[in-house]
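Chain nomenclature is as follows: A, B, C and D, assigned in order of appearance, with residue numbering initiated at 1 for each chain independently.
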């Protein structure tokens, strides 16, 4: 369906110049240029999850770059002009992004708005380039091969087909990038930044990369935009243009790349239509902005996922079939897991000591359970171990190396993987894609656009992880359609795929039915063949069955550590669970 | 002068050109209509946003003129094709293209915003279509960017500034602070002013520039008060002008430091500023009470037709049609004879409500300038400060 | 030195005015979680209400008294018609819908009031000016606007601190679900909060009309500056909005005098600086 | 009080849930849960973490919409009603995290949602609540976030009483509190039960629950596996060991 629409669009675009007049050609050229801007914005908004309210600044930067490099009375070579607009915008995007990407959510929206407005003011209020009235580019770029004028942006048809090609190229480039290893991480960040970070990716670098790529293409759009009429104006930087670009993205459907292109087309047609008295009547045409307003409002209320949402009603496939009973995985080769030890580890929150002087060692290739009443500090402890929180005091050694206080993604790269109390996977991805992303964490640099070098290794890791987690049969099912238990299994599979040799699992059995519980307990036992496993769990039957050692945490202190039998006999532990008051009091908080 | 009614005004629909409405505005697949066609006049003006009142006044006057001539000029029926430019420069080229290539208009008119006008004029030059600018004052339009087919019936920013500089020097003012928005038009108004004012021995103590469209003027007023010049020369327009004039009055600066400016400081906002505008002196190429027959007839006709008084923008629109009529007549009603049309228009000379009107070599009006003082809600004519005053047209390579 | 004092006065007065507009925005944002791009339109609504009501009643304060309830009712209607559908939607859709509202409101304004700039008379008893230096006077009405803003701000604080509805609003800010579980219909609470936000923006527009003059598009500048204030202060924090607004007011006033070339950049640079050092604003909860 | 409860046994239940199924997203949390609570009756709800206790309370409160089944309060159908309507009809909720509003004072926390009950003569007033928790009276002008955990729990209970409910749902009544404070809370809960307010109490301290409530429910993986009097539960050591103990 989508492919058909896109092919039809391209076909129409190819032959359109033969049927419409010069105005139609120019109009369509402009729509295509805006579409480049919009599709690059979607890469930022829909793919990476960064909502920029200043994307038009790259339109302006590209346009003014062309202005600055164009000699007064002759054409600049397109061979120079096009790369120049892209590079200039990319450099600015890197500088601005380095600051902007620090902010999150709404604050990111506002920072990008602020940068856009600053650039607008700079070009509007100063004389660097013609001031508020804008400036002319007298001769737009050309490209000569010898004496032959191969490409002339001043020629409408030349420019038309060049812009069409640029749009298709931009779309395909972004599509390719989105589907490349880098894109996989960016989409991961969009859906669940914490998870991606915990897998060992430095999300800041990835977000910055996305900002630069989008900015560079925005610059391309700007250069082409300035070529249409040879006129640049500071208003190109302004928040209205940025706002309109967002409108088109949302109108078309975020995160689909092609949707925003349709959004740009629809928006242009709507605008033309609503202001034509012959088409809609004098009253509406006279108040066309109001009509446009109502159309936008209506679309938000009726089609929240944009045009793309209408085109692919059943996006994401059918709900999963009944769970398939996984066959027993083939036995894997034993491998050493990692060893973890803490010494006097503590963490305070204001007056509350959530973790209080915990000294404990977790031997390799064992399953270690941590139990304790709610509020005992279990989750805080594993947040310390995995680097989500820095400890207030104490040390953590992973295979003898000190890791206390390191950032989470750095610790993750040392082979420590963790799951979360709430299932923390990428719901829109398939099971296989989730694991693929995790496997990629073994080589987490952001300039990895091709899997080629690592494909074999990582594919093997994915297959192994799916097998170990009993999810081989579910590889192509979207994570959102898995049962709760399977989602928890998937999270474990991701950790395995990421190459972690020490797994920290926060309540992996919570919310599971009895059969699922049994299945995951077996999985945990099996994992110890080539991993060290640390888990928090409340299901006592399960944890006593699964664990080799148990650590009991109460009020932030480790009150017991030993085999399940030793713990079962421990009086202090009984007190913590069976209604007799313990000796310690909880610090009021 | 425009009478503005307080409160909820009657809903006013823009009058749509009858036959022009039949033209499809969709860019795609337009069948060519080959009939005995009326002359199509493309009108690119703001109908929404800050400049909407100006667009409206110009449109009204143009339509009134054609209506008075029975709907045709030089024997050819006139059809207007109107487009709202929203005063948005990024849209300028697109909308101009739409008129010229999409609607295939014969003549182009517009617009108010200089940025849009510059975008428009670029395409107009490339297309060679006869173009009449009824307001936008960017100097370049009739200086470096002048063209045979581009005419202006309003003014060049610098021209008004120059005239005001002379008038202020003649009034015995020596030390001045200028005050404007930091944007192209503001700069041009101030530069023109400073040129002539300094030539006459005056001294500009400081240029205060406020970011456009910021209307927080208290800081500027505080600075003016601390500098204590003989007078202030200020250029603002629309809502900003209302606010500046009122703030100036509220700061009680008017008594010791008279406020001067180009006419746009007070035109169209007379009733909005009320008594607080009393005493503001401005120089412009028009005043309501210019004493000539054309002005009286024009004012009466406009008042009768629209129940509102015309302003300088209406005059500029009116003259755009006078100019067009002269051109069309010379071309025998055939708008396709662009050379004849252009030649006749550039040599045109007629009586405008503002006084005698002709065009300079750069196709910018050569016209009288008037000193006016705002009093009782009216810009009252004090005297004519310059007759047949021309913009230098620096950089224009056209010869007369 | 004199210039500095005057600029402080100017900065404070301007800051108080934008505080009034921004407080409504931060309230709606903090409690309802709605990014309301149409907030500036409500400021514009206030300005035009001021125009019409002052011409009916002859006095700006009567216009204020009548305008606030009108704006409140209008806000409640808008919430019921449009905004309530957005509570569970993402920010992008909120942005799109409220952008649509701006277009509608701008056109409504054009139909109802036309495109000419207007001015609203200052009441005779406040039209005096106070002599500040031998040439400069400071208009009493501007001081009055400052005073009105302080009064409205105090009234707002009083409502929020002392009344039941204020308690509900504060409660809703920290734990919406618990409020609901205590028997308070948060749908109605939210409608009230949105309407109050609209009324605050309109109140700012009403009192500002005599010094601003009334013209189309008057709300857009206010919208952007209000967002800047909200971000600097921290989303949802009234205290933050006050501090942010005064900071912006002063930065703007001094920027114009000491950095005239970069005056309009100063405000945004201030915001960027705040966000880099305190990513959730000065008083925001990260 | 025993006698009263017995006398009411034949009366209609104050709160009743029939075959309720509830989900969080894809996860099926409550499976065919049916419960009934009689007027004036305190019932305990036990089970390990993650078994669905909180979800059941939230579903009864109207904070989570059941996918199927029915919830009735004094015979009136409350299924799918908003929590505010449920609260006004007479159910109060004391969540595990207490839900004290940090930016309201103690007194504001108590009064802002206060509501008269069906029997206005016996209404809970500020004085009565302060009588029950003298500590709250001392701290009446403190902010909610300046209280200790125990004080917060008291405040949450007091706030629930101020809405004069028919039944109170108490999640983790004493978890994380100091022993002395726990005793205080249990004593208060007994007073409240004597005052005729029904309750469902979630806690992990079996002994205290046995002392307060005469009927107990055990929930495992979203299903009620036991519903019966104290003696029956005490007798079933296997059940206690399997689902409640270590």
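In the analysis below, a residue touches a chain if its C-beta (ideal position, glycine included) is under 8 Å from a C-beta of that chain, and two chains touch if they have at least 3 such contacts.
All values derive from a computational prediction rather than experimental measurement.
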| item | value |
| --- | --- |
| Graph distance between chain A and chain B, where chains that touch are linked | 1 |
| Chain occupying the most central position, where position means C-alpha average | C |
| Distance between chain centroids, defined by C-alpha means - chain A, chain D (Å) | 42 |
| Chain C-chain D separation of Cα centroids, rounded to whole Å | 43 |
| Chain B and chain C, separation of their C-alpha mean positions in angstrom | 35 |
| Chain D residues counted as touching two or more neighbouring chains | none |
| Residues of chain B whose C-beta touches two or more other chains | 48, 209, 211 |
| Multi-chain contact residues (two or more partners), chain C | 106-107, 110-111, 263-264 |
| Touching pairs among all chains present in the structure | A-B, A-C, A-D, B-C, C-D |
| Interfacial residue positions of chain A with respect to chain B in the complex | 16, 19-24, 26-28, 30, 121, 124-125, 130-134, 136, 228-231, 233, 235-236, 240-241, 272-273, 275-279, 282-283, 285-286, 288-289 |
| Complex contact set, residues of chain D against chain A | 24, 26-29, 48-50, 96, 147-151, 172, 175-179, 182, 204-208, 221, 242, 245-246 |
| Contact set on chain A toward chain C in their complex | 45, 51, 99, 102-107, 109-111, 113-115, 117-118, 121-122, 125-126, 239, 243, 246-247, 249-251, 254, 287, 289-290, 292-297, 299-301, 304 |
| In the complex, chain C residues that touch chain A | 35, 37, 82, 85-86, 89, 91-93, 95-97, 99-104, 106-108, 110-111, 224, 227-228, 231, 235, 261-265, 268-269, 271-272, 275-276, 279-281 |
| For the chain B and chain C complex, residues of the former touching the latter | 2, 4, 6-9, 11-12, 48-50, 52-53, 56, 208-211, 213-216, 218-226, 228, 238-239, 241-243, 246-247, 250-253, 256-257, 268-269, 271-274 |
